[in-house]
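Across the two complexes that follow, chain A remains constant while its partner is chain B and subsequently chain C.
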Partner chain A sequence: MSTLTLRNGQKASFSQVPEYPFAEFADLFKSFITQGFSVSSYFGVPSGDGLMLLAVLTNRNQGNLALFRTRIEKTFPSLTPEIPQVHWFEREIAEQYGVVPERHPWLKPIRFHKSYNGSLDAWNRADEAIEPCVTDYFRVQGPEVHQVAVGPVHAGIIEPGHFRFQCHGEKVFHLEIELGYQHRGIERAILRAPLGKAIHLIQTLAGDTTIGHTTAWARNLESLSDTVIPARAHAIRGIALELERIANHTGDLGALAGDVGFLPTASYCGRLRGDYLNMTGSVCGNRFGRNLVRPGGVTQDIAAELAADLNKRASTTWKLTENAVDLLWSTSSVLGRFRGTGAVSSEDAVRAGLVGVAARACGLNIDVRSDLPWGIYQTHAVPSVILFSGDVHARAVIRYLESRHSVQFLKEELKMLPDTPTFQSTGALEGDSIVVSLVEGWRGEICHVALTGADGNLSHYKITDPSFHNWFGLALALRDQQISDFPLCNKSFNLSYCGHDL
Partner chain B sequence: MYRIIKARLKQGYNTSRFPQVEPVLPPLFMGRPEVDAGACRGDCRDCMDACPVGAISRKGETLSMDLGKCLFCGECARICTSGAISFSRDYRMATSGRQDLSTDAWKLATALDAKARSVFGHSLKLRQVSAGGCNACEADVNVLNTLTFDLSRFGIQFVASPRHADGVLVTGPVTKNMEVALMKTMAAIPSPKFVVAVGSCAISGGIFQGNEEVCGGVEGMLPVDLYIPGCPPNPWTILDGLLRMVGQIGDRKKGR
Partner chain C sequence: MRILHWVLPFFAFLFAPLIPGIINRVKAIFAGKRGPTILQPYYDIWRLLHKGFTYSSTTSLLFRIAPSVVLACMALVVAFLPWGRIASPVHFAGDVFLVAYVLGLARFFTVISAMDTGSSFEGMGASREVQFAALSEPSLFIGLLVLAEFSGKISLSAMISGMSSDVWQSSGVGLIIVAGSWFMLLLTENSRMPVDDPNTHLELTMIHEVMVLDNSGPDFGFILYASALKLWIFSALIVSLMFPVNSFPLWAQPLLFLSGIVLIAIAIGIVESVMGRLKLLQIPKVLIGSAVLSLFALIFRVLG
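Let's look at the complex of A and B:
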């Protein structure tokens, strides 16, 4: 049995994706997972009267993607019992298309919207209003066991989500996370919108990851239109992506300090994060990199003078960042709170399919920049940082060390920007095709899958934000922890609500 | 301890002297747009077609841009061959009325009345509600708490409980799934209360207007006292707006 093997960002005719009866599809799926492939995306595509399921698995050893598909009716056997990392994907498929993965251990909605098929949804509801997060919750029974419900509106300037803790005193047995409050219908809106408008939906699907998501989108459209973008555009995208990473990591380190009541680092990093955002602002006018990345390249060049200026600012800001963050590592009360808190084992991380910082903190050597490098990362490697304790401390240290490598990378790139244009206009998209683009955003693996119809228009667009993989990791991290450690654990993952909810 | 003090000295003093000293904005910063009615040829609709959110319309002879919808993408200015649309570097963009956000009826926010100012002028507590916000508006509101801006020196603070708040600051297009939570938060705030809408999503639904999954902003749902346009608005735009509302900047500025 074979699959369609693609490189990161390589397009193919959709008919080349082999289709199998479900039983064979399931066997193939399981055998790849046993070989160590991970699920980058797994989703439904309406096809004729039925539904097609498309699996996009990543083979990190070979640096490529394996695609294969099947066709299902109203019900199909759940793969979750054998492949736990598809549990959330199956819930998404069920919610979107009203199909039922049978034997799924915990089949609940993830975003709380009506089924796209217009008739009965997977829970046999037809017209009832769907209220967010009104659903079954796992309950621990017993004397003195109590439930704590938090959200959607949290104390602080933060997006909404609902958290249910099963506690015994301070101890958390189980945390269940329900999201969907941020659901804005982005995937379907993309298909309705002209491409010039769709990019704005991509830019705001997770506003703190504008560069990451627009890069994935742009690469898909470039591939579908056979556009080769100039080298300088690749370099500028890389610089912007690393700036996004450093800014967010620095902000997170400050927030982690704040959550353990260590104010010096909290205040300095809050400000320093702004300095990095302002560097992005200097490149394109917007602190979040809005309107910088477009299919075909980038809209703004980094002229020699600006490159030199950014280089200088990167050095001084990084020195101050080191100065601020090093305080964490030399303060025993901070280390006491970070170490051993919210630990996830590497076995659980693999089974849950974690990505990005959260996975690397559990000893998983995964990073799209080195495993399936694209653009500038094909010629300029950025070392990944791997730690093993899986706790808040590991996630904090990785953020710090990664930022250091990113600063190094962007300083080198700023000195050797290739002498080419920064934009190449794109043509029409090839019809009946598929392309998958992976990008290592600051939270982890971003996966965009684009399908085109016979007319060359997008017929399906699937977005998997790293948060989609990782929210369950946060639930695992809270097992047997103190409920008072929730804010700290939550910050150490710092996942996106809107990136998940779409 | 010694290390902490040493770091404090190295980090230095970084709080801006705003509003006495103007903020430094990047050269490419896109501030309040200006429409030059005279330059507009009047016989094309390139800018309207290019705009992803339908922010540009023709009102009689004049071209008008609705900042409540605008994403500040700059497409219109790029496409216009007669240079009728340009973006200034003016970061001051907050208004008190929805209609004031149109370039043809442009009017900066005015302060609350004297009685409200006497209570809230130097003490305003807000509850922030993200209702579908993409975390960019949230981040640029949150940043006001950092020491660069040091929001609390103006007596403005974000509080955890709506019971402690004098109003809400809303971001996001108000998803259907957040509608109830937003209204409940609003109801839990004691009157009198203010509503601040931050970002084109909260004002008009922004890029999400028309999606069945969203309400399309707070307009019509809540009585808005201050509109702060942008996608996301620059932190200085937000700070300027808040200070105008409480009368610490602008016509009614009292010697501070």
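Let's look at the complex of A and C:
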């Protein structure tokens, strides 16, 4: 049995994706997972009367993607009991297309919207109003067990989400996370938008990952239109992506310090994050990197004076960041809170399909920048940082060390920007094609899959934000922890609500 | 002379909100910020007193009277605080027990009114408050026992008036230990770091703040004022212990006393700035440790 093997961002004719009956599809899926492939995306595409399920698995050893598909009617056997990492994907498929994965251990909606096909959804609801997070919850019963419900409205300015804890005194037995409040229907809005305008939707997928998502989108469109973008554009995209990573990691380190009440790092990192954002602002006029990355390249060049200025600012700001963050590692009360809190074992991390910082903190050596490099990362490697304890401390240290590598990368790139234009206009998209583009955003693997119809327009667009993989990791991290440590664990993952809800 | 007895309570009612003001200012300076004026707590309380009330429909009369009861308890305790050789306006043999249990009564009402709201957060805060209170109470009583040993009296005023530089010369170590253990008690009782984080917005980690989440308007103003008074009460106890003010001329005593309070406020601010908050599981160990400390002081005294 074969699959379609693609490089990161390589396009192929859609007919080349092999189709199997579900039983063979399931066997193939399972055998790849036992070989260590991970699920980058798994989604439904309406096709004729039925539904086509498309699996996009990543083979990190060989640095490529395996694609294969099947066709189902109203129901199909769930793969979750054997492959736990697809549980969220199957819930998504069920919710979107009203099909039922049978034997799914905990089949619930994830975004609380009506089924796309307008008829009965997977829970046999037709016209009832659907309220976010009004659903069944896991209940632990017995004396002294109590339930704590947090959100969707939180103290502090964060996005809405609902957390349900089953506690025994201060100890958490189980945490169930329900999201969906931010669902905007972006994937389908992209298809309705004129191709040139859809980038504005992509930029708002997850506001803190603008460069990550726009890069994935741009690479898909460039691949579909056979556009080769200039080397300088690759370099500037890399610089912007690493700036986004440093800014967010620095902000997170400050927020982690704030959550344990350690003032000095909390307040300095808050300011330093602003300095990094301002550097992005100097490049493109927007601190969050909007309107920088476009299919075909980048809209703004980094002139020689700006490059020198950014280089200097990166050095001085990083020095201050080191001073502020090093306080964390030398303060015993902070280390006492970080160490051993919210640990996830590496087996659990593999089974749950964690990505990004959260996965690398559990000893998983996965990083799209080195596993399936694209653009500037093909020629300029950024080392990944791997730790093994899987706790808040590991996630914090990884953020710090990764930022250090990113600053190094940034400074080297700024010194040797290739002397080429920064933009190459794109042509029409090739019809009946598929392309998958993976990008290592600051949270982890971003996966965009684009399908085109016979007319050369996008016919389906699937986005998988790293948060989609990692929210369950947070639930695992809370097992047997103190409920008072939840905010700290949550911050150490710092996942996106709107990136998940789309 | 009678009027002198009222000086300290008068100071307390007037200056207590300065303590949180100073703490916040110190923290701001450590964080590299300018920070609010040290008068900010006065503005806050004033603003809250001019607001309306909002009551949840699940609460009962208990929830409405609790803030007033808590404030009344603190005001009553303040009336028992002496300064130097000048006794408190009200005092009698055994009043230390009344003081301790009036503080307990205030806690009881805070806890019961938190439970009254039916919120799971406030229930958790109440359970933590009671757990830590049970563990911190020994520090207070053993410390008082040490003072009773020194003075042979069991009235707060009599105990404190016995404090002089002579006592310090003879048994300074024991007093320092008691003061250290009482400083820990102060941090615990007033929900300061490293036990509780008064600045956090994270309802799952709070202890004291979470119990008053549902209080609003003047009620919340009462609570803020009562917490300022509570800070004053514990600071005043430590100052009486640490600064033998009665060895100085009468006119200098109030000044010394106030500077002592300011120093304590600065110390709290520094502690909060340089350390993170402890894991909730480790707090009992710290509290038991501080109780054991004061026990040592007692042993020194009895054996020494």
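Heads up, the rule we're going with is that the second predicted complex is superposed on the first by the 502 of 502 C-alpha atoms of A that agree within 3 Å, B and C clash if a C-alpha of one lies under 4 Å from a C-alpha of the other, contacts with A are read in each partner's own complex, and residues count from 1 in each chain.
Note that a residue touches a chain if its C-beta (ideal position, glycine included) is under 8 Å from a C-beta of that chain, and two chains touch if they have at least 3 such contacts.
In this text, all values refer to a predicted model and were calculated from it rather than measured experimentally.
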Inset, instruction - Give one word, clash or fit, describing how chain B and chain C relate on chain A after superposing. - result: fit
Inset, instruction - Pick one for A:A303: touches chain B only (first), chain C only (second), both, or neither. - result: neither
Inset, instruction - Check the residue A:G285 against both partner chains and state whether it touches chain B (first), chain C (second), both, or neither. - result: first
Legend entry - chain B versus chain C as contact partner of A:A126, first or second or both or neither: neither
Legend entry - Contacts of A:M1 with chain B and chain C, given as first, second, both or neither: neither
Legend entry - First (chain B), second (chain C), both or neither touched by A:T210: first
Inset, instruction - Go through the superposed model and pick first if A:L201 touches only chain B, second if only chain C, both, or neither. - result: first
Inset, instruction - Check the contacts made with chain A and report whether chain B or chain C touches more of its residues. - result: B
Inset, instruction - Calculate the angle at chain A, using C-alpha centres, between the directions toward chain B and chain C; round to the nearest 10 degrees. - result: 60
Inset, instruction - Could you look at A:E159 and tell me whether it touches chain B, chain C, both or neither (first, second, both, neither)? - result: first
Inset, instruction - With the two complexes superposed on chain A, say which partner A:L191 touches: chain B (first), chain C (second), both, or neither. - result: neither
Inset, instruction - Tell me which partner A:V150 touches in the superposition: chain B (first), chain C (second), both or neither. - result: second
Legend entry - Lowest inter-chain C-alpha distance for chain C and chain B in the superposed arrangement, angstrom: 6
Legend entry - On chain A, positions contacted by chain B and by chain C: 155-156, 264, 267-268, 271, 331
Legend entry - chain B contact footprint on chain A (complex, rising order): 111-113, 131-132, 152-153, 155-160, 180-185, 189, 193, 196-197, 200-201, 204-208, 210, 264, 267-268, 270-271, 273-274, 278, 281-288, 290-291, 300, 320, 323-324, 326-327, 330-331, 496-498
Legend entry - Contact footprint of chain C on chain A as seen in their complex: 146-150, 155-156, 169-170, 257, 259-264, 266-268, 271, 331, 333-334, 336-337, 341, 482-487
Legend entry - Contact footprint of chain A on chain C as seen in their complex: 27, 30-33, 120-121, 123-124, 127-128, 193-194, 197, 199-205, 272-282
Inset, instruction - Provide the residue numbers of chain B that touch chain A in the complex, in ascending order. - result: 3-4, 7-8, 10-11, 14, 25-30, 50, 52-53, 71-75, 128-143, 145-148, 158, 160-161, 172-173, 175, 177-178, 180-181, 185, 201, 206-208, 211-214, 231-232, 234-235
